[in-house]
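Below: one structure, written as C-alpha cells.
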Amino acid sequence: ERDKYENNNVAGVVTGLAWTRVGGDILFIESILSKGKGTLTITGNLGTVMKESATIAMEYIKSNAVDLGLDPDIFEKYNVHIHVPEGATPKDGPSAGVTMLTSLVSLFTQRKVKKSLAMTGEITLRGKVLPVGGIKEKILAAKRARIKEILLCEENRRDIEEIKPDYVKGLTFHYVTDMSDVIKLALTNQKVVNAKEL
Amino acid sequence: ERDKYENNNVAGVVTGLAWTRVGGDILFIESILSKGKGTLTITGNLGTVMKESATIAMEYIKSNAVDLGLDPDIFEKYNVHIHVPEGATPKDGPSAGVTMLTSLVSLFTQRKVKKSLAMTGEITLRGKVLPVGGIKEKILAAKRARIKEILLCEENRRDIEEIKPDYVKGLTFHYVTDMSDVIKLALTNQKVVNAKEL
Amino acid sequence: ERDKYENNNVAGVVTGLAWTRVGGDILFIESILSKGKGTLTITGNLGTVMKESATIAMEYIKSNAVDLGLDPDIFEKYNVHIHVPEGATPKDGPSAGVTMLTSLVSLFTQRKVKKSLAMTGEITLRGKVLPVGGIKEKILAAKRARIKEILLCEENRRDIEEIKPDYVKGLTFHYVTDMSDVIKLALTNQKVVNAKEL
Amino acid sequence: ERDKYENNNVAGVVTGLAWTRVGGDILFIESILSKGKGTLTITGNLGTVMKESATIAMEYIKSNAVDLGLDPDIFEKYNVHIHVPEGATPKDGPSAGVTMLTSLVSLFTQRKVKKSLAMTGEITLRGKVLPVGGIKEKILAAKRARIKEILLCEENRRDIEEIKPDYVKGLTFHYVTDMSDVIKLALTNQKVVNAKEL
Amino acid sequence: ERDKYENNNVAGVVTGLAWTRVGGDILFIESILSKGKGTLTITGNLGTVMKESATIAMEYIKSNAVDLGLDPDIFEKYNVHIHVPEGATPKDGPSAGVTMLTSLVSLFTQRKVKKSLAMTGEITLRGKVLPVGGIKEKILAAKRARIKEILLCEENRRDIEEIKPDYVKGLTFHYVTDMSDVIKLALTNQKVVNAKEL
Amino acid sequence: ERDKYENNNVAGVVTGLAWTRVGGDILFIESILSKGKGTLTITGNLGTVMKESATIAMEYIKSNAVDLGLDPDIFEKYNVHIHVPEGATPKDGPSAGVTMLTSLVSLFTQRKVKKSLAMTGEITLRGKVLPVGGIKEKILAAKRARIKEILLCEENRRDIEEIKPDYVKGLTFHYVTDMSDVIKLALTNQKVVNAKEL
C-alpha cells in the first residue's frame, strides 16, 4: 500500500517523491540531531548515489552556513542521522537531493516545513537544482497521497505540461532553479512546536 | 525446534517476532552495556537492513534522551552491544525495530519489560511505527511460544482481523502508531532485580 | 589426522568440539594478552559468525566484570588475541561460543581449565547457553581425542541419549543452561603455573 | 538533454568535457570549502580513476602551495568537497584532471574562472598535462553547449586538426603542456563576487 | 628459476620452505623496523591465512616479551614491516609461521639466524608448532637451494622417514614441538654485524 | 602512442620500464611531498602488488634513513604521494620497485636523477634487487623512448645477452644486486634546481 502525506509537525521530516520498482510513491526524509562531534549517519537501504545526496546536502549547508543563518560552529557539536523509511525497499538515485536539503535546513533551524508539500530534484554544490526523471509517475503518486503543492526543477516544467490536465487538477507547482529557492519555498518562518534550542 | 518465551528478568532482553526461512518464529533481542566511549556493536548474523534498525533505535534514543528520562551524557560513557541469537540463522529486514528500541530503552533505564509480550514493527526517526509483513506466520509462532500479548503497528490490525479467530484466542493485541506508545506499553515502571546503577 | 587432548597447563587454552568438512574434531581456542589499549584480534581462518562469538564472549565478560571477579579497568590496559588453529581449515558457526567464553575468563583470571574437558555450545548476551548441531560426530571425535568430560547445553541432552550407550562409555556429561554454569564447571579455582599478574 | 555552459560567477565551478555512454557532453566540476581539518570528500557516482584525479589535483596544490600563492597552513583548516553532477550517470577516467585542478585553485584563491571556457586533460604530479581521448565528440558537445574557448593538451592538437574546420568554427583552442599553463589560462585575476575570506 | 640460500648477515631475514604452484621452493621472510607507534605492515601478495601468521607471530612475541628477553615497551616505539618476496607469486597458508616468528625475534634481538637453515611449520598462540603439508617437495627444494639444516614439527618426522634416504643425504633435521625450541635452534647468540640499538 | 623520455629536472620523477597490455613501454614514477603527518597516498590505477612496491620502498627508506643520509624524524613531518600516470591504463606487478625506491630517495634528498636512465626490478626489505620479466619488450620500448642507460638486476643479464646485439646498440646496461647500488647509480650528487628545503 502506498504512503499518505502526514503533517509538518516535526522538524527534519520532509516529503519527497520517488520512483520505485512499484511505480511512483512518496517517501519521507527524516533527520535528527544528537549531541556529538559532527558525524553523519545515513540509513534506509540506500544505494551509493542516494547516500551521496545526503553528503552533498550536508556539505552545502556547512559551506553556506552564514547565508542560511546558521552558526558554523554548530556542526561540530551534533551528530546528524538521516533516515529514509521503509527499510525493506532498496532506494537509489539523486532525486531526493532537494528533500534532503530541506530536511537538514529544517533540522538545524527547527523551522516548520510547508504544509502538504512534496518535492523531487537533484542538488549540486554550486547551488543549482537539476531535473530528474519519472515525473508523471511521481505526480500521480503525490495526488493519491493527498499532496497539494509540488516543488520541482524549472527544467521539469515541460514534463508537467505533458500530463493530461485532469490528472494535475488541484495541485500547485513550484518550479525552482536554485537551492536557495527550495529553502525559501519549502520552509515556513515558524518554528515547530517544542523546537530544540541548538 | 522453535524457541519459547522465557521471562522478563533481564534488562535489555525483549521478545520479537520474526519471519524466517522456516516460517514464523520468536527471537530475542539482547543488549548489554560496558564501560566505554559510546561505540555500538551489533552481532547475530544480521543483514544490512536489520543492522540499520539497531542504529536507528540507538540514534532515536540519543536524540530524544530528555523525553525518555535519560541523561544525554550517559551515551558517551558506555559501549552498547546488541545481539540477536541464533548465529547460525541469517536474519534481515526492518521488523525488529520496535524490539530493538524496547531493548535499548530497557537497558538504559533498567526497567523490566512487560511479561509474556512479543512485538514486531519497523521504526522511524520521526517516531512512527510502520507495518511489517508475515503477520499471520508470526502470530502462530507467538502462540506456540506461549506469548500472551502482542504489540503491532495499527496498520497491521487488518492482518490480525483476517486470521481465523480460533487461532488468536488467548492473545491480546496492542496496536500502536508511535514509538512513544511502544515504550509506554512494553516497559513496566519496575526496575529489574539487580538493576545496574548507570 | 585428528587432534588429541593436550593438557590444562596454559591459561586461555580450552578444548572445543567442532564439526568440520571431515566430520567431528576437537579444536583449541587460544587467547593471550599483551599490554595495550583494549583491542581484540581474532585469527584462525574464521567466518563471520565465529568471529562474532569471540566478540560476544568478550563483551559479555566486560559487561559482567564485577560478577566475574574482574576489575572493569583491566580491559583498557591489555590487547587480547584469540586464535583457533589450524589456519588451513576454514571454520565458522556459533558453537565455539562457550569455549571462547571459558578461554577469555581463564585468561583474565589466570585460572586453570578443568582437566580432560571439552565443550560445545552457543552463547548469548543474556547469559544463556544455546544448543548446537553435530553432537554425535563431536562426541565420537572427543572420545578419539581422549576427552573424559563434556560440557553441553541442557537442550542437547536428548542428542546424547540418542547415541548408542557403548559409544559414550567413559565420558561424563555436564549439561548447562547458563553461561555462569559454564564458568563454574569449566574453570578450577587453581591458578596456572607462572600465572601472570594483571 | 545535454547541458549548456552556465557562467563563471561561482568560485570552484569549472566546465569540463566528458565522453560518456551517450557521446560527448560537458560536465561541471564543483568544489566547496567548509571549516574543518583537511578532509577531502568526492561525490558524483565516480569510478576509481576519476576519484584519483581529485586526489592528484589536491595533493599537487598542497605540494606547490607557495608557488600558487597559497598559505600552506590553509589546507588543515578547511574540508574540501568535490562533486560532479549528475548523480545518475556513472563517470570515470583521468580526463577531468585539469578541470579538477582549476576548480580547486579557483576555490582556494577565490579567483574567477575564464568565461565560456571548457577543458579536458589528464594531470600528473610532476606538473605535466597529458592527452586524452574522445576529442572530436567532446568538441562537438562543447559547441552545442555554447562554449567559446577550449583548453587541451598540446598532444591533442592533431586531434583538433583532423576535425572538419566548419565544426570548430567560432571556437578558440588553447594548447598546454604544463599544469601551470592551465592555471594561468583558466583563471582570471579577478575575485568572484562575495569572495570568501580564507 | 628457483631461489638459492643466501646468508645470515641480515637480522630479520629467514629462509622458509614453501609449496607453490610450481612445486617446492624456498622463500625469504624479511622484516624491518622503523621509528613509529607499533603498526604492523605485511606485504608480498599474501592471502589471509598467511597474513594471520604474521599477526600471530607478532602477538605471541608481545605477550611473551619478558621470556624472550625483550622490553615490553619496545613494541610501541617501532613500526614493523614483514615482506615475502616475490610479489608476482600469490602465497598463502599457515606454514610460514615458524619462519615469521624467527624473523621477528631476530629483528627485535638483532641476533643472527643459524647458517644454512630453512624451516616450515604452523605456529599457535599457546606456543606449539603444528605439522604442515608438502614436506617432500619442500625438502627437495631445500636441497636444490643448498640448505644444510631443516627445522620441522615433530609430527612431520614420519614425512621425512618416508622419503628415499638418498634424497635427504647431507641434510640435518631438527624436529620441534614448541615455539621456544624454534627460537633456541634457529637463532645464534651472536648479534648481526652493525646490529641496531633498539 | 608510446611515451618518450623527458628529462631529469624534477626531484622524485624517475623513468621505469613496464610491460603492459600493449607490449613494452616506459612509465614515469612521480612523487611529491606536502606538509603532513606521514601518510602515504598511491594513485595511478595500480593493482595490489604495485601498491605494495610503493609501501616496501617507503618502509625500506624509513628503516635505513641514517645510512641514506636522511633525518629519521623527517617522515612524520610530510605526507608523500606517489603517482604513476596514465590513469586509463591498469598497472600491476613488482617490477617498478627500483623506480619507486629511486623516486622516493630523490624526493627526500632532492637529488637529481641520472639523465636518460630507465630501470626495472623488484625490491625487497633486505636490500636485494630481484629479476623481473618482459625484459626484451621493455628494452625495445626504452630505445624507442630515447633512453640511453638501463638499470637492471644482475640476474636479468642473460635476458639482455639473448637479445640481438643490433637492438641494444647505443644502450648502456647497469646490472645491480643491491638496492644501495640502485641509489648510487641512479642518483647524481647534484640537487635539482629549486630544491626544496626539508
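Letters A, B, C, D, E and F name the chains as they come in the text, with residue numbers starting at 1 for each one.
The rule we apply is simple: a residue touches a chain if its C-beta (ideal position, glycine included) is under 8 Å from a C-beta of that chain, and two chains touch if they have at least 3 such contacts.
Quick caveat, the model's predicted, so the values are computed rather than measured.
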Legend entry - chain A on chain B, rotation in degrees - Cα superposition, rounded to nearest 5: 60
Legend entry - Centroid spacing, where centroids are CA-atom means, of chain A and chain E in whole angstrom: 59
Inset, instruction - Take the average of all CA coordinates in chain B, do the same for chain D, and state the distance between these two points in whole angstrom. - result: 51
Inset, instruction - Considering only which chains touch which, label the overall pattern as line, ring, star, complete or other. - result: ring
Legend entry - Chains in cyclic order, anchored at chain C, direction fixed by chain E: C, E, F, D, A, B
Inset, instruction - Within their complex, state which residues of chain E touch chain F. - result: 6, 10, 12-13, 28, 30-35, 41, 43-45, 79, 81, 83, 85-88
Inset, instruction - Over in the complex, which chain B residues touch chain A? Could you list them? - result: 48-49, 52-53, 55-56, 59-60, 62-63, 65, 72-73, 75, 93-94, 97, 122, 124-128, 130, 133
